[in-house]
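This is the structure, below, for whatever I ask next.
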Amino acid sequence: MIRSVYYTNHHIIPQTNLSIEEIHRALQDPEGLLWVCLSAPTEEELQTILGNLFHFHPLAIEDCTSHGYQVSKIDEFRDYLFIVMHALPSGKFWEISEPIEVDIFLGKNYVVSVTHESYVSPIETVWKHLEKDERLITRGSDFLCHAILDHLVDDYLPVLDEIDEQIEFLEDQVLQSPTPDVLSKTLEMKHALMSMRRLVAPQREIMNRLSRDEFPMIDQQSKIYFRDIYDHLVRLQDLSESLRDIVTGILDIYLNSTSLRLNEIMKALTIVSTIFLPLSFVAGVYGMNFIHMPELGWRYGYLMVWVIFFLIASGMILFFKKRNWF
Amino acid sequence: MIRSVYYTNHHIIPQTNLSIEEIHRALQDPEGLLWVCLSAPTEEELQTILGNLFHFHPLAIEDCTSHGYQVSKIDEFRDYLFIVMHALPSGKFWEISEPIEVDIFLGKNYVVSVTHESYVSPIETVWKHLEKDERLITRGSDFLCHAILDHLVDDYLPVLDEIDEQIEFLEDQVLQSPTPDVLSKTLEMKHALMSMRRLVAPQREIMNRLSRDEFPMIDQQSKIYFRDIYDHLVRLQDLSESLRDIVTGILDIYLNSTSLRLNEIMKALTIVSTIFLPLSFVAGVYGMNFIHMPELGWRYGYLMVWVIFFLIASGMILFFKKRNWF
Amino acid sequence: MIRSVYYTNHHIIPQTNLSIEEIHRALQDPEGLLWVCLSAPTEEELQTILGNLFHFHPLAIEDCTSHGYQVSKIDEFRDYLFIVMHALPSGKFWEISEPIEVDIFLGKNYVVSVTHESYVSPIETVWKHLEKDERLITRGSDFLCHAILDHLVDDYLPVLDEIDEQIEFLEDQVLQSPTPDVLSKTLEMKHALMSMRRLVAPQREIMNRLSRDEFPMIDQQSKIYFRDIYDHLVRLQDLSESLRDIVTGILDIYLNSTSLRLNEIMKALTIVSTIFLPLSFVAGVYGMNFIHMPELGWRYGYLMVWVIFFLIASGMILFFKKRNWF
Amino acid sequence: MIRSVYYTNHHIIPQTNLSIEEIHRALQDPEGLLWVCLSAPTEEELQTILGNLFHFHPLAIEDCTSHGYQVSKIDEFRDYLFIVMHALPSGKFWEISEPIEVDIFLGKNYVVSVTHESYVSPIETVWKHLEKDERLITRGSDFLCHAILDHLVDDYLPVLDEIDEQIEFLEDQVLQSPTPDVLSKTLEMKHALMSMRRLVAPQREIMNRLSRDEFPMIDQQSKIYFRDIYDHLVRLQDLSESLRDIVTGILDIYLNSTSLRLNEIMKALTIVSTIFLPLSFVAGVYGMNFIHMPELGWRYGYLMVWVIFFLIASGMILFFKKRNWF
Amino acid sequence: MIRSVYYTNHHIIPQTNLSIEEIHRALQDPEGLLWVCLSAPTEEELQTILGNLFHFHPLAIEDCTSHGYQVSKIDEFRDYLFIVMHALPSGKFWEISEPIEVDIFLGKNYVVSVTHESYVSPIETVWKHLEKDERLITRGSDFLCHAILDHLVDDYLPVLDEIDEQIEFLEDQVLQSPTPDVLSKTLEMKHALMSMRRLVAPQREIMNRLSRDEFPMIDQQSKIYFRDIYDHLVRLQDLSESLRDIVTGILDIYLNSTSLRLNEIMKALTIVSTIFLPLSFVAGVYGMNFIHMPELGWRYGYLMVWVIFFLIASGMILFFKKRNWF
């Protein structure tokens, strides 16, 4: 789907869904603002708009066309910037973990956005806001681009909060019942945090460059807005690192609980064995069939044996008590 | 709550709790020193003071308004610096671990401080010191700002000392009785140290910048004061790293004690089993009911069996002694 | 084998397999494009072409001659660049893991490629494309060199995908049946990923330099092509790091499954022992041959013993149930 | 205690223990060399000498006055350098591990040293050498300062050698008898090495700066002397890292020995159990009191049972032999 | 032993073993090439040659005199470079691991080499090559110095290959019989690799500086020769890192094999115990001496018990089969 919108001083009402001709003319107007928004376009549409109309570099177009995962990056061309970012899909991140590539061409008076999905939340949100928030229109293409990226990055925090919630649940869980299920879920969260880190780090670097370096299509006073997105990404990184620490703690407790439980099991076995093996031996002795066994004939022989049983058992129990095994 | 104080050569006694008008006029006086202190302000107060009166950047105001965690940072604007720091709350750090955000705007002749809590120790301490310590008044806004940050950072050391005390207690504990409780407390301390590190590192970087970079609102001779705070933060980092080493050592000892204890348990089981299983077997043999068992009729058969019992038991014990199992 | 091809404005049809004389003359033509392709050459051929004809530096020639592993690198000489890259052989990477060295000399109007293998996929592919893709001919030696390196790097992704597939298979496997075989295969994959990383990192650095630094034999507009290869290598690194995380997760699950299984085994042993040792003891008691043992004569003595057996056994089982051992 | 010594061309014999007046006059002489040495001074002495006489910066004086641990650092003031270093106390480092802070002010024609201890080895050594080694007097304050720091750093190597000796002893010990005592001593050494690293690293950085940066009070030809101290610190770091590797190896062997020992214990238990449990079962069978048990009446029944005992026992032993359990 | 050789245009035959006088005169000749080679010199010889004749800096002479380990380094003086490198002794590296220090002074027209050993392979090899390889004579002191360093570094690869061989042997070994001997050998190899890394890293840095920085005694066209040595050291580092990965893999397999073996042992114990403890209990029941035990008198009581034995045993075995314990 191709949408476009064009704001200019010549018209009071913005033009929408411009023809190729109109886009071509709009590009000549340095005071206007043009946004061409390609959502799940066909390869021909991509080639027509990006190649024939905007004359973007073939390599940038190739990056827009290709479907494989591409690390976030920023490429500087003479007249425009080419920015590759990654939006998060709705749904549980740790189950999907495939981000949605958002490609943006930022020129002096235009923004071209490309996504392979037909609905990408930050794009749609900004598109809707165009009517309400006039800053998006009056402050130029860099502010419009910032708005898309800001919403894109704002979508990360709720996802990290959800992971946080899961991890806090697992933290409680591991102390009560450290089942293998807790382990596999914890590893899943660790996995998700690592994916998160790999998404956040390069995007942070892009925002750092956008807010520090000199680009002709970014005004001095717009830089602080990219700095604000940078702050959000720093915070995301900080948060995910602190979550990773908790995850490591959960794994430590889990692994230790496994060996503590083994100790518990072995203690039970050892206590029972060391009490009953000697007792059984004594019983075995008086179960022997020797003809000449004086004790067997004693009046209180049987009583004596019970006394021996009692002494052995209580001796063992005292020994274990002293060793703090109970 | 909004407090303000204004020192100027025109008046001998400082003006307090200025009206909007008075603040406006005070800002025109390059020789004066104005401190506006917002403690737990309402959103309207924030908007009025920061936005309408001081005309700070909307993004900085947004950072003051928002309640989520924000990594410490410094933003440079043309006429002022915007500094986000984190004070420690009173109470045990490892139980709370939520720091209090302190936002400071530092201009040539003013300081504006913003906190969401109504009582924040470094702010209150400096506010009280204003009457006693005249350096706070005569040395300009940068020295006043330094004083707040210095007290803010000074609050970290007692907290780290408390953690140190806990850790030394746990170090003794783990050698005497390595209970799961020791493990969970140690992990809690590790957790607290990691939070500490994440708080200290960016604040150190801010002090580094304040003491090295050129800012128009910081005099050359004031930089060494920020360097002093930097030194404190370096020391905090150093201390927390050395505590982390001890914590790692505690965990090593704990985990090893678990498996040593398992070895102890298994030794007890093995010794008892290997002594009594053969004895019980011998007793079992002479408990058999075969009609033709010559030994049963022997005069000293029963005595002989006890000799066998004794030989087996002492042989086993000698074997274990040789293997150093006792 | 020595192949060569020469494109020039003077001839419409390219010259192939030039004589030493012709190569010498072709080098004088700044507008032409010469590719000399040495595949598994003899040492004399190397010396003749590289030394006597092109007068390359003896150390660069030594690097081409030597057979040992050489880390990827780029050496800058006055008139040419000497680039050492590594192509992947066909076959399973984790079984072979010996990459094929590809040495390239890049001059203003020539490319000389050297490999010790007679068939190296990226070289052959570009050689074949020469006839179809006229960009290879018209855009100069830097674009030709880029084409070889691009194909060389493009061969890495399928290999990493194959490793990915294996790892996902192992991830499923380790949860169902964590056999030692799964461990050794996982370690093999970890090994392969580490080799991969050691191959990718220096080649990434080479592409970074080729796309950033100023070299007289690389035009400004060709740099973006090396940047594109750089992007691919960044992605390879990213992918192999995320695979390494999964591998670490597999190892964690494997190791934990080993100790969980030990716990299972020990539980079985402990349950059986703690039930039957006391029972056997009781049976042993009434197997004793004392003359005076009242119970033996009781009418319901035998029944009573079975009641005792039942009480002990069900008591134990209840105890284990309470401890969640079933 | 305050000592001072003053060398000048005007006097042949050096002046010692100068009065405040004399120190003041000595400071005016750019050709002279003055050393004021404060050992365990009172706070008033510190304030008088450092504050009133030398007019050092209040923050530097505060650092000299304060007793807490301060990370090594160098502060550059206009007329002097303020250097904080750490000397090692005599006694076993791993038992004490509290270094002695040595504060040095280095001016063009003076050195002021401050320590809280009354006897600090490098200070005393250089003080004594003043009479013998005339280079200390003729080469200026930077060489004198270097001499103190050189002796201070030279004291580290014997300490590290002592740790090395301990570690080599533990390395032998752990293979012969891996007792918990070996573990705790090894962890103590690891701890000491980490403290060492935290002392050495910042001091190395100080020497690096003194030998590279331009300071007006350090001559070009004196820099190589600070470089020499830098080399010593590099070597200390190198040595302590290589010791840390050995310590890690000791811990690996220790932990493995614990589980190897468990395996040994469990083997013993398993062998005895698997031999005697079946034997006891067979004996138990023929201890049953059934009226109709044909074997009991057989002539060679008892012999047969012994044959069965022998077959079971030797079968088990063969099985264990085959599995290499002996 | 002091050797020297002097090449000059004035003489056709080189002068050897020059007197102090002759060395002094040779140093005046900017076109000549002088090599003074000190092998295991006395302290006086060192002082005479290095101090009195060449007037090298006392600190550099001290480094040549001292016997302790010195990290590889390069010191730049006005007229000469002072280079400390480390040659490998013959013999197995992992048993000796003490490298031989080689100190080189590189001037515009001379090389002075110092070693504490009388035979150091790279020195002797280059000394012998002087007669055969005229490049060593005609290309100046920098090329001569390069030749020594090149041979010195070339000696590292065979050592690393030997370690590689050992490690591959251990890799096979650990899968077949993971004995403690394999562990200690593997740790030894890990140790050797770490020593190797600590030797290679600073020497690599030296070669990097020699091939990049500007030194008056190193010609522009000689730099590529130091770059070649740099490449070799990069490769050594790369190789030793990949060996370290394999070593880590061996340790993983070893440690896992220990716990797998414990599992095997415990399985055997558990199977035997859980089969024979119930059987023995049943036998014990019918070994009781109650007067009223109906089963004892049954005609087929004994047969029934064997049926019970069989049912219990096969039930257990089926249970273990189902759990995959065989």
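By letter and in written order, the chains are A, B, C, D and E; residue numbering begins at 1 in each of them.
Heads up, the rule we're going with is that contacts are C-beta pairs under 8 Å (C-beta built on N, C-alpha and C of every residue); 3 or more make two chains touch, one makes a residue touch a chain.
No experiment lies behind these values; they were computed from the predicted model shown.
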Contact-graph separation of chain B and chain C, given in steps at minimum: 2
Common contacts of chain A and chain C, by label, are none
Reaching chain D from chain A through chains that touch each other, fewest steps: 2
Rotation angle superposing chain A onto its copy chain E by C-alpha atoms, nearest 5 degrees: 145
Hey, how far is the Cα centre of chain C from the one of chain D, in Å? 41
I'd like the Å distance between the centres of chain A and chain B, where a centre is the mean of that chain's Cα atoms. 25
Residue numbers of chain C (touch at least two other chains): 259, 262, 266, 269, 273, 277, 280, 284, 287-289, 293
Based on which chains touch which, is the overall arrangement a line, ring, star, complete graph, or other? ring
Ring walk, chain C to chain E and onward: C, E, D, B, A
Under the stated contact criterion, what part of chain A meets chain B in this complex? 157, 175, 224-225, 227-228, 231, 234-235, 238-239, 241-242, 245-246, 249, 252-253, 256, 259-260, 262-263, 266-267, 269-270, 273-274, 277-278, 280-281, 284-285, 287-293, 324-325
Given the complex with chain C, which residues does chain A contribute to the contact? 57, 59, 62-63, 68-71, 73, 75, 77, 177, 180, 183-184, 187, 190-191, 194-195, 198, 251, 254-255, 258-259, 261-262, 265-266, 268-269, 272-273, 276-277, 279-280, 283-284, 286-289, 293, 295-302, 305, 309
